[in-house]
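Next come two complexes, and both contain chain A; in the first it sits with chain B, in the second with chain C.
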Partner chain A sequence: MVTDTDLTQKQKSRQPIGFDYKAVARYLSGFLGLVIIVLIFQIASEGGLLQPRNIRLLINQSFIIMCGAMGASFVLAQGNLDLSLGGVVGITSTLGVMTAKVYGPVAALAVALVVGLCVGLIIGSVHVLFKVPAIILTICMMFALRGITWILNDDGSIAMPASLAKYDTLPNKLIVVGIVFVIVFILFEYTKVGKYSTAIGANATAARQSGVPVNQMKVLAYAISGFFGGLCGFLSMIRAASSSTNSGSMFEINVLTALVIGGMSLNGGSGAKMKSGLIGALMLAIIQNGLIIWGLNDKWQQAVQGAILIIAVAISYDRKNVVVID
Partner chain B sequence: MKKLIKTVALILTLVLAISVLLTGCQQTPTGPKETTTAPEAKDKLPAGTKIGMTILVNDGLFATMAQYIQYIADNIGFELVLDVGAFSPEDQVASVENLIAAGCQGIVFCNFSEAVLPKIASVCDEAEVYWAQYCRQVDDPEIVASLNNAKYYVGRCFENNENVAVRVVKAFEDLNVKKTAIIGPATGDTTTDTVSAKYKALCQEKGIEVYTEIRNAQEAADCTAAAETIVSNFPDVEGIIVLSGSTGKLEGVFKGLENVNKLGKIKVGALDASANIIEDLRNGSVSCANSGQFVDNMFTTMLVLNSVLGTPLKTDGKATIECEYVAFYKAADAEFYYAHMENLGEKIFAYNLDEIRQMIKYFNPDFSYEKLQAIATAYSVEDVKTRHNVS
Partner chain C sequence: MSHSHVLKVNNLSKSFGPTQALQDVSLVLSAGEIRGLIGENGSGKSTLSNIIVGIIKPDSGEMELRGEKYQPHSMLDADRNKISMIVQEMATINKISVAANLFSGQEMQFGRFGLINQRRMNTAAKEALLRIGVDWIEPESDIDTISFEDRKLVELARAVENDPDILIVDETTTALSQKGREIMYRIMQELKDQNKSVLFISHDLSEIIDQCDTVTVLRDGQLVDTLEKEQMEIHRIQYLMIGRNITEGYYRSDYDFSHSDEVVLKIENVSYDQLQNVSINLHRGEILGIGGLSDCGMHDLGKIAFGLLKPESGSVTLPARNITIKSPAVAIKNKIGYMSKNRDQEALLLSTSIKSNVCLPSLDILKKAFIIARTSEKKLANRVCSALDVRMSSINQHCMYLSGGNKQKVVVAKWLGNESDILIMDCPTRGIDIGVKQMIYQLMQDLKAEGKAILMISEELPELIGMSDNILIMKDGRISASFQRSEDLTEAQIIKYMIS
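So, the complex of A and B:
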């Protein structure tokens, strides 16, 4: 007679001895994608990509997406999407400029964060109370926010007070990314928020039966996403020194793309990783910047960008948690 | 396992470091490359001149601009780097940064909205890269002041957008159109906003009714839906002004009107021309189209190129070059235009290579800002007929 204990021992005995190479490969896949893309463009641009000046530029072009992607990690870990982020960036950058003109940068930051947080809370609450699918809800919210952004930007665009330009420095950007990373990392790895989010993404029903407050966690995840979306709006305003009817356009797609090429599983669960946003945002900036430094014909740029993205996703995407129905 | 991860990470880092060493870390030149040899030919610029250009979309107008400048670059001897598709302020800043990173010494730029311009000025000043705007006037006095203080801002070239509205209203008046509507892209675009505002003002003045204005018609399908919506809600509408007809948007409006059996019955006036404008004018699908602004980009390139070569056309203040659209009212207008002014197939343009060389001080030391202004002001069908001796 075979007991449960024997079975467990037998199963254990079948596990490979020594290193779990697959786990290592999975862990490093995002980095590997990044390294390959760096290599491709470093060679194609004859060394232009990794010049100090261009590295600074890459940070300039990726740090807002990094912040947005890290903020959206909780929503994605739960297996949901937040397609309202572009709208949040648009409205918060516009309100930020308007506030900064009268009350200064601190008030502008506060307004951007509060508005972003409120939008997130609204999305989360409507999602759990009225059972509206998140993808539909966030798309609707994106349209609504973009409409308000157009109304607020009556003349097409609003210039930021020139005095705020002094905040657009590399150290400030690195500090912001660092702070966001630390906050999100702690939340994701060392608190119930992160663990519950991955549990919901893995199986919401099982998580609920295990005592996870699924609805509260969903609202919280959208609130975090909206809050950091508001931060991105403020940062976008500082970077572009203005807001316009187009502020934040395609931001949600860039964030999603960054997360996916960084290795994040769209199904959520344990496939959700904090590093995805950072790596993916950097990869995205390198591809966009590298194609121009390369001097590739504009007609080929999009095709090559698509091909590189496919390669990057093939390398870095975590397929462990993906269920494919044939 | 941690040891293995560290080992693999170390290997990857080493590979990266070696690649950096192998491919080199030379500095990007910020000015024209110094050449010790004389130019290969008298009709070519010194080697190493690189100009960057942002184009909003890869559509008919912007594609024509890019092809024209590429043709000039190939024959006159400079390198052109294109960046396509920057609409939001942050993307426009990134676009300019990328062109600078690509080693461009001058940038020909088209802003979506103007509040981003001081930031562009600051990026270009920091990188010591000359830049100028094409197809854009600047209205905000504070932004104008900021641009005037920017060391590397050369100037701007723009069309008289209000005249588009004037011509369309005149065409509608001639056709006895009294009930109209507007279709256009999202607000915030300087050009289309100007046309819209002037059109509404003129309609009020002339007693022409504007039933509705549908914006955010960003592509052909949006325009089709917009046209159908207008006819459905205002069945007695007699005319539609299309604020941006490029990228198939004008064709989209035609399709919408065709779907409701109103093509040719409802008069259409437009900024930009459709791909089959000759046929569309002939069959009455459009009554007034305004095109020909691809030369604006060339004038701007000349401003930037002369500055990059160390022979700026305007040394006191910033250049402002204004030119006019070419209006099409009948098929013959467009036939002449596409044969003698924008003939991409046979490379026949409103300004030929000899005329362009004369706009560059390197070839023609006597050329001046005033002369460029005069050339731009004179730009018209009649001007081309006279210069190229065609009829």
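So, the complex of A and C:
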């Protein structure tokens, strides 16, 4: 036997405790970032940020992004992106309004969810069957859906039946976010869907060799993302009381920014945490809202958001796994 | 013969994460010397040669070339300093001609006004090939169209063309037939006669003893000893490589090759790429070894058996359950496990916890309704990891921080946790230290005793002879010979069926 003490010692000395500072930083970045941002803007706005009226505004601003970001968690965990979400919101809110006018709100919700789901299935299937890179595919899908949204809205907007405005209440929003959170949390943390998705993001080849049906899971992840995108379309219709050519514009970038500043790793894998969407959406809303309270011209908003996204990605991106030829 | 020192290596150390690949290694290479470099997988041979040619930078230590400080920044840098290397893996560039490969990076010697004179380059390539005694490779042909062995010879011609003072041959001969080997040996001798030096890395002890003037043995990244020609003796070198005599409980000590007659996995007339009509029956309680050169098709066969590759014709079935293996998911559902040759790339999620890795193939067993409870994951991971004595801080540790041997234990743990009945092990002891190697061999015997079946694909003959009940040798995609477990079986008997 070779288990003499010296070898044992040597083997032990070869194994430092695996303390992954980056993982800890990423884990904390969500909560800590939220606290810091709240503190900064609370002080800067002289207490204006956490006024009840402003909190209501913050929730209004962020709850749809929260739902979209949580729904996209699986795609992100697989190391992919879904940039079609803005298009999905546009088309589903428009179709939602058109359906609601004739068949009422339940049918509108059903149509939004089914259309979103179908878009996700199409994206996933094309991605898997034709090996089109997801980022290109979802951007193209976004443009296609935006185009249809323009046509359906006839270059303008369609008003929602006024009777539906009564659903636009704060408790309803919190309930919806709560339900989405519970569903996604269980799926993500306690079922094969979430575990397989993070495994694919970590190493798709190894995942496949461990029995993960990689292609099916990719399609499923886009289907889930599309489904919740459809939900977001319905919610945005209720909130805006209409659909327009602008419905859902920038939504995909908002979701992406929320996820990244919430601590989601763009590489997927075990760095993916579904809470990122929740925290990140709130952080994004506070930053946008705070900057306005602070007096920043709203024309600067997009520039600031772009800068935030770049910084957040630079901090969280796992460069070790990226080959850069030097 | 002059004995002036060409290359002096002083106290080189290099670590990769927690693994000390090279520790305080010093050696002196003289002009006109053929130096053998030998050691087990992971002993640091390739790390050392890669440092010498500038692919890897050492953590500490320095080198002297012809009495001057030598710090290569790249292989090109080493080339300029007249040090050339032929590597184990394929180093030619696909989709361009043999000649273009031979002179890649130096095309401009045939150039004028930025245009390359193809005809002159082809003529020069032909001459370069003839210089090493190869007349059957056409310089115009696409490099992809010639065999792996011929590509190695092109690399050799390229290296010789550079007129190196030091030629490093890194485990190249395993890929060569006898004819190719002889060319390689002759070139080495010619260089020696010109007072040049050769650093010859090989797994093959008899080859080392025949060809080298001196041999340096590495073990666990440390230089153990350097032997002169008259001191070279197989058992002595083996002892130095391993640190003890290998007779004691390393491989199986029994010569009982009996196993059940029940066929658990049936590979029938499988063709894929170069594989042609390969049929294999794996029995309950059998360790079936498959050996051959690395490009003989045996690794693909392992993947086909696990459903990772779809054969062009033929099938893989489980006769007892009348099931065809079409995908890894089906294979796993039917209790087949697969350990890839490329552990870090294909078998593990390195940036993920040991727990997640171990549980991944077993989620279907762990789930109740559709929920997978944290506690049942922890229980499974703790149970198999402690059974295999994985050295870790906790099951939440990420796999990337483990040593090669412990990583391999995690891979084994995956399939133990899944209670696999059939294990396909592709190079199960590649790059792991002896302690873990021994543990894996013991485990294979235990699994056999429990009536499980093991398909072991291996590039190492001692392992095949030492562990298998039956050995199938493959060559060019076909099974060329089969052997039953026997005390009298030797590497020499087998090797002739591997190479032509």
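Going forward, the second predicted complex is superposed on the first by the 268 of 326 C-alpha atoms of A that agree within 3 Å, B and C clash if a C-alpha of one lies under 4 Å from a C-alpha of the other, contacts with A are read in each partner's own complex, and residues count from 1 in each chain.
By definition in this document, a residue touches a chain if its C-beta (ideal position, glycine included) is under 8 Å from a C-beta of that chain, and two chains touch if they have at least 3 such contacts.
Quick caveat, the model's predicted, so the values are computed rather than measured.
*Asks:* Touch test for A:178: chain B only (first), chain C only (second), both, or neither?
*Replies:* It touches nothing on chain B or chain C.
*Asks:* Classify the contacts of A:301 with the two partner chains as first (chain B alone), second (chain C alone), both, or neither.
*Replies:* A:301: touches chain B, not chain C.
*Asks:* According to the stated criteria, A:207 is in contact with first (chain B), second (chain C), both, or neither; which is it?
*Replies:* second
*Asks:* Check whether A:246 is in contact with chain B, with chain C, with both or with neither, and answer first, second, both or neither.
*Replies:* Touch status of A:246: first partner only.
*Asks:* Touching A:195 in the superposition: chain B (first), chain C (second), both, neither?
*Replies:* Second partner only, chain C.
*Asks:* Kindly classify A:61 by the partners it touches after superposition: chain B alone (first), chain C alone (second), both, or neither?
*Replies:* After superposing on A, A:61 lies in contact with chain B but is clear of chain C.
*Asks:* Who does A:31 touch here: chain B (first), chain C (second), both, or neither?
*Replies:* first
*Asks:* Could you tell me which stretches of chain A are touched by chain B in one complex and by chain C in the other?
*Replies:* On chain A, the residues that contact chain B in one structure and chain C in the other are 20, 23.
*Asks:* Going by the contact rule at the top, pick out the chain B residues touching chain A in the complex.
*Replies:* Touch list, chain B to chain A: 1, 4-5, 8-9, 12, 15-16, 19-20, 23-28, 55, 58, 66, 79, 81-84, 87-94, 97-99, 101-103, 112-116, 118-119, 122, 140, 142-143, 146, 186-190, 193, 216.
*Asks:* Mind listing the chain C positions that touch chain A in their complex?
*Replies:* My answer: residues 18-20, 220, 243-244, 249, 306, 308, 327-329, 331-333, 338, 340, 345-353, 356, 359-361, 363-364, 367, 370-374, 391-393, 397-398, 400-403, 405-406, 414, 433-435, 438.
*Asks:* In their complex, what parts of chain A are in touch with chain B?
*Replies:* Residues 19-20, 23-24, 27-28, 31-32, 35, 38-39, 42-43, 46-48, 50-51, 53-54, 57, 60-61, 64, 150, 153, 155-160, 162, 165, 236, 239-251, 288-289, 292-293, 295, 298-299, 301 of chain A touch chain B in their complex.
*Asks:* Which residues of chain A touch chain C once you look at their complex with the stated criterion?
*Replies:* Residues in contact with chain C: 1-3, 7, 10-12, 14-18, 20, 23, 186, 190-192, 195-196, 198-199, 202-203, 205-213, 269-271, 318, 321.
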